[in-house]
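There are two complexes below, and they share chain A, which is joined by chain B in the first and by chain C in the second.
After this line comes the complex of A and B, so read on.
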């Protein structure tokens, strides 16, 4: 994770060396690339810039080719999703030779943060009532309505993405943003105006660095499995609820869902990787 | 005189200090044929991006094209003779250069124009980065008045017979031909757009898709 001292620890990509109203901020550093927050065209338009720096340990020709390929495939997959109405950041600019991709900045918190805050608040409430605060979230009753609605939106977003023939490759609650509703976009139902608002917002799927075009049910099932595992390890108390609601909403959004969910059962039995035999 | 500046000067984020972008919008232009001829004749005094306002949806679309033209020029990978033709080409989501001039650039029948001039101060020796024709035109332009925003504005007011209007999203959207935008940027097959009832929200989604299409050109 990025800390203040990490900012500018690395050389910036050339494009960010040119003047801007606010200095670029290093948001996160991954294995392959870095994500900066900066501005596009005007000081008032925030953007995310994903930069894949040259890897000195690779042969330069191979390195250039891999970087180019990965930047382009991420850009294409984002653009495809956007055109097909899957909520993802819009692509603003690409320079595949320089290894960067500039995208729309998505406001709000990752879904992981929002759910954890919500669970924390719930625990505090339970303790205040003299209970232990580690009860499993059942999804029943008024109190859990917000979480159920959020999980439904996640399932629907993933279903729509699979429907257009994209698999994400690294689906986690950290790779989904909860973007504050825009005017006219809030859902008419399932939208609890009296809640604390922690779980309100549009789901936007981010980080298509490992995404690919695929319509195979195996790949789709692995996407769901990875999300399920990631969810179970970050929010164990809501695991059961998660699986049920997600599958339900996924089924509604995506006609081929039953085959994928059948496959998901196989994947659960053996894990993400296919058998090493044959 | 108008109560707005006819030529708006914009400094883009993440381009070198020496580059400035200047934009004017003219309505009801009477002499598009003449302006078009100057481009065909490669008259260096008319090195502008002359854009048909019908295909423009927003300020950002124009500025995106300018940004792309500048970055491509800096990288030395221009595919057209100069930064201004590159700007017009940048509006296109496809790799067909002559088609991009026809669709996004001025035509003899254009009525409304968005005109962009990118000024580089101090000027870079063009010969080093551009095609030989461009180098010739600079030497010919050696005795001309310096390229400043005032001189550009004066030149436009002398040669463009039309009504200047401010470069705002409002004036641009009045001039947008959504039929052409939808066709050129292949938005007709995008069914979910028609589900958006709020016209402003729909236009801003289309604007986003237009910018995405430009960014993804040929990749």
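After this line comes the complex of A and C, so read on.
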């Protein structure tokens, strides 16, 4: 039954076995669940279906309890964000006993891909001018304006999410999408008409699988710390710039930011982990 | 004597390891063949301090046990290996983490041996000892490691000469949770409380799962709340027993109350905490893209945990590597092995620095012997 993970074919969840005009497509397989692309109501409305398959090693009672709880909590947190104006995918449908959650399909690339492409292009430009291309991105000058604007949008989005009492639990640049602006909805300021458009778009936070409702400074600070660590390991050249701008934009978007940022300093000092072990 | 000598290859480096971070005193002797890189286990002797049912092992009593048995165990190890102290290349001891007093007793005894025999000392991180021994025995090359014992609960993956901790317990260790629950039920600590819980759980029907909290936070987990909830259920069980003894019905069947038994309690506790461990391990495996998992530490002997882990790994196209009680439970051989690996890269602990510490994280060790 177990085959090589690269060629492993997973059985489809029951919901995707009904005939449809667009065949379902497996997008990713994480530890917790699988993400499929399908359509909702009309063939022209794409959707994302998150499926949490049963875990056969868990006691069936425990498995059913956990799956149900997690699907419902993810749907509730998404709905709450949506209601309060935090940019997240819209929830279309839920079946917690079958273990799936159907959401709006967000077009565009993850922020991670966009930033890496942008950094690569910048490196190529520097090399073309005869420099090493390993320079730290300082965020000064015209050339870095796009990245600074993007980081500001990230900080603002996280700030708004915290403001409504949700912590994400797994903030990374892979869990943020860069959704192309809808026509006529581009922001009046901060939108660079001259640019190549690589870093343009609305930040949409995705994957609320580990999210919870919390207003504690500690939880919020850990959320920021996880994002900071994830950013440093995926885009080390822009690490310094990231911290400064994120904090700035976060502060503007969220009134209680100073307390959280103070706590963040403590979290940084000890790391996410406790230092004691017996 | 001659048959035992045959096991040692010519020119082999031989190391003696002493472990006493908790209630086991273990002394082991291992030989590394520098040409083939193969290791040969020459001796693995252990003596366990077993406290009476309903109690745990206290540091002062455990330290006393280690002091009283050290000479006897060391002699037995040398005899089993059939070597003289002069043949040793180094003497290794557990530097930490663990309980202070037992660690100190063994550190002092090891320093004495080092001075007596004129051999260099090597201080070893206990967790790294478990990982290296598990890799050596099972042949797993680069697995995600789940280290579960009475003192530690960590999910570890190797990267750039460090064993990095991806997830860990936020409060007590999973083995501590099981040990303390064994105390609540006053079941025997011999040979180990966790072993007795495992045996009791086998008598459960498997149909009932008593409601216990499930505490996973990302790749971390927490066990203290589960222990408290299990203790409450155990108190309910005692009430039911008392009612039955008075000749009343034990349970209020109309209210849907279930009759709780020690077996059902042990079963539910195991199912819940092991599901948590499998979940955080799976998350780490997905994160680093590995399909191998190695389970080490005393709780790693549990066959139910091994089976659950095996099921998960098989579904990811990999497999689980586990060892038996000789190497899962704390032992001297793992300290000898990890210490010798470090010694071969030129590492030694000068006498003046041969201290021990209760706090010594797995990721503090520079793993110079791997690339």
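Note that the second predicted complex is superposed on the first by the 264 of 278 C-alpha atoms of A that agree within 3 Å, B and C clash if a C-alpha of one lies under 4 Å from a C-alpha of the other, contacts with A are read in each partner's own complex, and residues count from 1 in each chain.
Throughout what follows, a residue touches a chain if its C-beta (ideal position, glycine included) is under 8 Å from a C-beta of that chain, and two chains touch if they have at least 3 such contacts.
This is a predicted model, so every value here is computed, not measured.
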item: First (chain B), second (chain C), both or neither touched by A:120; value: neither
item: Touched partner set for A:62, first chain B, second chain C, both or neither; value: second
item: Which of chain B and chain C A:215 touches, first, second, both or neither; value: neither
item: Touching partner for A:169 - first (chain B), second (chain C), both, neither; value: second
item: Touch count on chain A, higher of chain B and chain C; value: B
item: Touching partner for A:75 - first (chain B), second (chain C), both, neither; value: first
item: Touching partner for A:233 - first (chain B), second (chain C), both, neither; value: neither
item: Residues of chain A that touch chain C when the two form their complex; value: 1-6, 8, 30-32, 55-59, 61-62, 65-66, 169-170, 210, 273-278
item: Chain B - residues contacting chain A, complex; value: 10, 12-17, 60, 63-64, 67-68, 71, 75, 77, 190, 192, 197-198, 201, 208-209, 211-213, 215-216, 219
item: Complex contacts: residues of chain C adjacent to chain A; value: 97-99, 151-152, 165, 168, 170, 173, 209, 214, 217-218, 271-272, 275, 278-279, 282-283, 285-287, 291, 307-309, 311-312, 314-318, 358-361
item: Chain A - residues contacting chain B, complex; value: 15-16, 18-21, 38-43, 45, 72, 75-76, 78-79, 82-85, 90-98, 102, 104, 182-185
